[in-house]
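Take a look at the structure set out below.
Order of writing sets the chain letters: A, B and C. Residues in each chain are counted from 1.
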Amino acid sequence: MTDATANTEETTIYDELPDAPPKKKLTLTWVGKLGVTVVVFWLVMVFVGPYIAPFHEADIIAYDSYMPILSTTEGEGFHLLGTDYIERDLFSRILWGARTTIGIAFTATLLAYLVGVSLGIAAAVAGGWVDVSLSRVNDAIISLPSIMLGLLAVNAFGSSIPTLIMTAGAIYAASVFRIARALGQDIMVMDFVEAARVRGESMRWIIFREVLPNAAMPLATDFGLRLVFVVLFISSLSFLGLGIQPPMADWGSMVRQNLDGLGYGSYAAVWPALAIATFTISINLIVDDISASSGGSLAKKMI
Amino acid sequence: MQRMVFQRIIIGIVTLWVVSILVFVGTSILPGDVAEIVLGQTATPESLAAYRAERGLDQPMYMQYASWLGGMFTGDLGTSKAGGASIASLIGGRFGNTMLLAGVVALISVPMSIVLGLLAAMYPGTWIDRILTFGTLSLISVPEFFIATFMVLIFAVNLNWLPAIAHMSPEDSFWQTIGGMAMPLITLIIVVAAQMIRMTRAGILNVMNSPYIEMAILKGVRRKRIILRHAFYNAIGPIVNVVALNLAYLVSGVVIVETIFAYPGLAKLMIDGVQTRDLPLVQACAMIFCGTYVILIIMADVAAILSNPRLRNPK
Amino acid sequence: MTELLEVRDLKIEAPQKDGPAIPIVKGVSFDVKAGEVVALIGESGSGKTTISLGSLGYTKPGLEFSGGSISLHGNDILSMSNNDLRSLRGQKVAYLAQSAAATFNPAITIGEQVTESAVLHGVMTQEEASERATELYHALELPDPELLGNRYPHQVSGGQLQRLMAAMALVGRPDLLVLDEPTTALDVTTQIEVLKAFKKVIQEEGSAAIYVTHDLAVVAQIADHIVVLYSGEVQEQGPVDQIINNPQHPYTKRLMAAAHSGPKPGMGDKLSGDHDKDVANIEVKDMTAGYGEIKNGKPAITVLRDINMSVKNGHVVGVIGESGCGKSTLARVIAGLLPPAQGEVILDGTTLKGSYKQRSKVDLQKVQFVYQMADTALNPKQLIGEILGRPVEMFEGLHGKKKREKVAELLRMVELPIEFENRYPAELSGGQKQRVNLARSLAAKPEIMLCDEVTSALDSIVGSNVVKLLKRLRDLTGVSFMFITHDLSTVAAFADEIVVLYAGRIVEQGPVDQVLSPPFHPYTRLLISSVPEMKIGWLEETMEKREMAVGIARGVEITAVGCPFYNRCPIAIDGTCNTKTPPVHEPVPGHQISCHHSLEEISAIESAPQQILHGFEKAAPDDDSVRA
């Protein structure tokens, strides 16, 4: 009884029990699924929108400005969402605008991720003065209001799509840096990273094989949120007249241009605003749905 | 603990110094020569040179930075390039307006957000939580100008209760002033509260995963007491942080709202400054914004340190 | 005795979004009589905690009751209204969790938390509750009972918090206590103290209890009735005497076989011929190490002081001591993870560089560190094949098919199926992950493996299987081991030599059988007598001994001068032990004891009649005469 090795009654019936229930697969509720549907719809529109749109974004075709929804211009066509302040088809412009607004925002977010994640992980891995100096500069950038920075950049470099992408990318790289650095620091203290270091692995291996794979999921969730911020940021710049320049269609400037119509009872400003809202709300719904499945369950046990 | 607070303040000061460099260099990249802008196309080379010498613009960049930084410390913000007026006087009134707006919004939105955030966390998954969650999620997902526009549509156009444009006059009584500010106030309260409600709820629910919450449930503690006594005290750090971030936003990030309602605040002043290439003005405004942000964040961090019982009551 | 709690055919399951619910508890029945302690024992995954929480009408998130009944005083708990449930919890049934440190709210004073439930349920007023709490602090032998309530949880020690939790449960005089592994996370010397306190108050209060644990020796001390669980089903139940002394069910027998018995000389294997080499593989000389900036050879926080030890080729050296004694730090210094402030680490006769960054690849390969927690030691995003393949690639330069063959061989060595190479760590059980963790170190073909508490987080059966594997690996590969643990019994069965660390210094070391037999260093003796034996009544016997009474009551203090064990030692000499470094005695070559007493004195004291002290005598500075 005292000596474990003396026990020859090896039975296979009592297998070692699993530690925890098998890992739950990521399942979305209907709300999350709805979000995915809407986001996928707009992403498809980024690619096919301009091809299926009845008119070109710059075509001035209708008889009248601020035509109501479901009106028709004889000989030209049907205006599902009416027309805007200079007699352009609103529905077509929204489809074209998807490409501009989402395309620019997506590229800028990618850029922000490229810069923010590289520097953030570098700061976490290198530590020391690299980390301190990068973090202080980053704090300084974050402390500047983003719209102000955008305003400054547009005034300095002129308003073009590359400027917009670079500006939004640079501004949001700062917040990505913070998150990537925090994630990186959490992972760097894990034993498996230490094991890799002691094994003599290169920095490259540690970053790409040990740290990044473990930061991928939280970064992906954050990408969604960041994309929403960038869409809102670019729309706001456009709303101030600093963003996309006419005649290109983008949702933010479309709201501004048609704002006056509200006074005449036209809803031309509402549709592009709704387009923004459906896209951003849907992304947030997905993100919420993913994070909800991992927390807050104890709170429901309160009585 | 004092050491930590002290450290935090030092970090804040270093950040402010980095900010001053960024602001100075950042504004210097704005195109156009100030002297030419101020003196116009007709200026002679001599007058341009004289202007530059007077303003120290012919000095090397680092000298200009040093004298500018020195001016900041002594309260000499310089003179506006455009009008020649002192920047301090230009900013003074605007700063008051911005602080009034931010103050009233904070007074209403902070308590409201914390109460609603706690309420949502107290009844997770119920209809009240769902409404708050979805409502605030929608509000943070749409641009501010969208909300502002809707406010105008409802209160100014349809109901005709409030003026669509903010009007401020020194002769107004307090309540007249508030009435004149109503539209920007409502818009900002909605925008800021939505964010704070969400973060308060998330902060509480994050703490709610702790074993000590489960223990409280197993001790038969009521829902209300679990949230208010057990969870809230441990979530103060993150909640104060969110409040600070939103207050900083109120002072600086309200460009859109100030533009739409033509509210004479600091953000509007800075936009005008950028467009007229009024560098000293832009620099002064930017430093005020960043300073506010840094000070608020330091205060939040200090509050978090002070609210931590481990640090407050050492062994 | 009447039935207090009746559990009948209890079923608890985990509902799944897609597919049928996973049963966790599959029809369990047992009774708890008034005043009786019922132990639920089993390994992790057996459902023991889930069942015990059921008696509070509570399930962990993600689980739900799916059948059967639990009734207290004949009232069905599972059909209670929320109001009734609230007054049941904390008032009629009270819960004690495994980790008091996590269970106390850091932001609320101890006093408020202890009295909270009694006051909220209206059982007593705040004054009455506070008074009763103070009584309980006295009964639980907590220091400074009058002022304890004003302190915050982080201001008291882990062992004290564990006892405070007992006070928290008992304040409202509940009918039933539910204790969920309340001593598992504690050091042996603390465990025995907490156990003693629990047993005393349970007897005094006359309340019934459900005691959840996987440790049979602990159960033997405290329970009246035992329920043995496996995979959510009762395997065997009966009075404690019958289960411990005459187990019937094969699973119970297996549990008994894996359970620890007291460490005794002669439990280990005899060293075989080619196993027994006298050449030192690793030697540590005059080493001092710690954390923070090193000034004049002294770190800001010294963790280890003047360490001299060696691991001979092919030998297993067990390093034991309580948490915080520096045993993991010792391994980290040898592995180069923490450069020493003074002294040197010698591998095969040549001095190693302090930091792994400066060591050669061969040196890194020869010394392998095995982490305690396989969960953090294995990258969750890499397949087992990649985790094992990488060191093979790096150290042996093997690629492609040869690498895969080597990985397969490694998996075979640690008794895992080859298919595991295509699995992620999360798909493995705790014991399997620990085997992969060991295999990764083996992949480097090391000369010495530094195993840091590799069995501590595992259940007894799984842990004893891992030790069996280590023995096989030792015989198979001739690798040396440094086996760090707080578990003396495992060391007694596995190690050739033992190093006893206390507060960063070696107090005794030598061959296993020598260290485990007299003469003992007073600390070694305390450790050995603190390991619970699977014998009913052991606890009472042990508590009669005086070194227990003094030793357990005081915390570890890291000192620079004198004997590190001074403030807990029952035979300390004031003016000597606290001022001078103790001399080293060598009763037989290779066996060293650091103590100011001569070996004769130590032996004499051990055979002398025991005088019972209660441990607080030394707290008062003017009370020094008691010790002398």
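Operating definition for what follows: a contact is a pair of C-beta atoms (placed from the backbone, for glycine too) under 8 Å apart; a residue touches a chain by one contact, two chains touch by 3 or more.
If you're wondering where the values come from, they're calculated on a predicted model, not measured in any experiment.
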Item checked: Chain whose mean Cα position lies farthest from subunit C -> B
Notebook entry, point to check: Any idea whether B-C or A-B has more C-beta pairs in contact?
Noted result: A-B
Checklist line | Where subunit A and subunit C are represented by their mean Cα positions, the distance between them in whole Å | finding: 47
Notebook entry, point to check: When the centre of a chain is set as the mean of its C-alpha atoms, what distance in Å lies between subunit B and subunit C?
Noted result: 51
Note to self: Can you compute the centre-to-centre distance for subunit A and subunit B, using the mean CA position of each chain? Integer Å is fine.
What the structure shows: 23
Margin query: For subunit A, give me the residues that contact two or more of the other chains.
Written below: 297-298, 300-301, 303
Next item on the list: Could you list which residues of subunit B touch at least two other chains?
Entry: 214, 217
Next item on the list: Spell out, as numbers or ranges, the residues of subunit C touching 2 or more other chains.
Entry: 58, 85-86
Notebook entry, point to check: How about subunit B: which of its residues touch subunit A in the complex?
Noted result: 11, 14-15, 18-19, 21-23, 26-27, 29-31, 121-122, 124-125, 133, 137-138, 140-146, 149, 152-153, 157, 205-206, 208-209, 213-214, 217, 223, 226-227, 248-249, 252-253, 255-256, 259, 267, 270-271, 274-275, 282, 286, 289-290, 293-294, 297
Next item on the list: Can you check the complex and tell me which residues of subunit C touch subunit B?
Entry: 53, 56, 58, 85-91, 94-95, 97, 99, 102-108, 116-117, 120-121, 151-152, 154-155, 168
Next item on the list: Using the touch rule from the top, collect the residues of subunit C that touch subunit A in their complex.
Entry: 14, 17-18, 22, 43-46, 58, 61-62, 82, 85-86, 230-231, 250-251, 253-254, 256-258, 261, 267, 335-337, 356, 361, 364, 369, 371, 373, 376-382, 390-391, 394, 426-427, 429-432, 440, 444, 461-462, 464, 467-468, 471, 493
Checklist line | Touching residues on subunit A, where the partner in the complex is subunit B | finding: 136-137, 139-149, 151-152, 155-156, 228, 232, 235-236, 239-240, 252, 255-256, 259, 262-263, 269, 273, 276-277, 280-281, 283-285, 288, 295-303
Notebook entry, point to check: Which residues of subunit B touch subunit C in the complex?
Noted result: 210-212, 214-222, 225, 229-230, 233-234, 307, 309-310, 313, 315
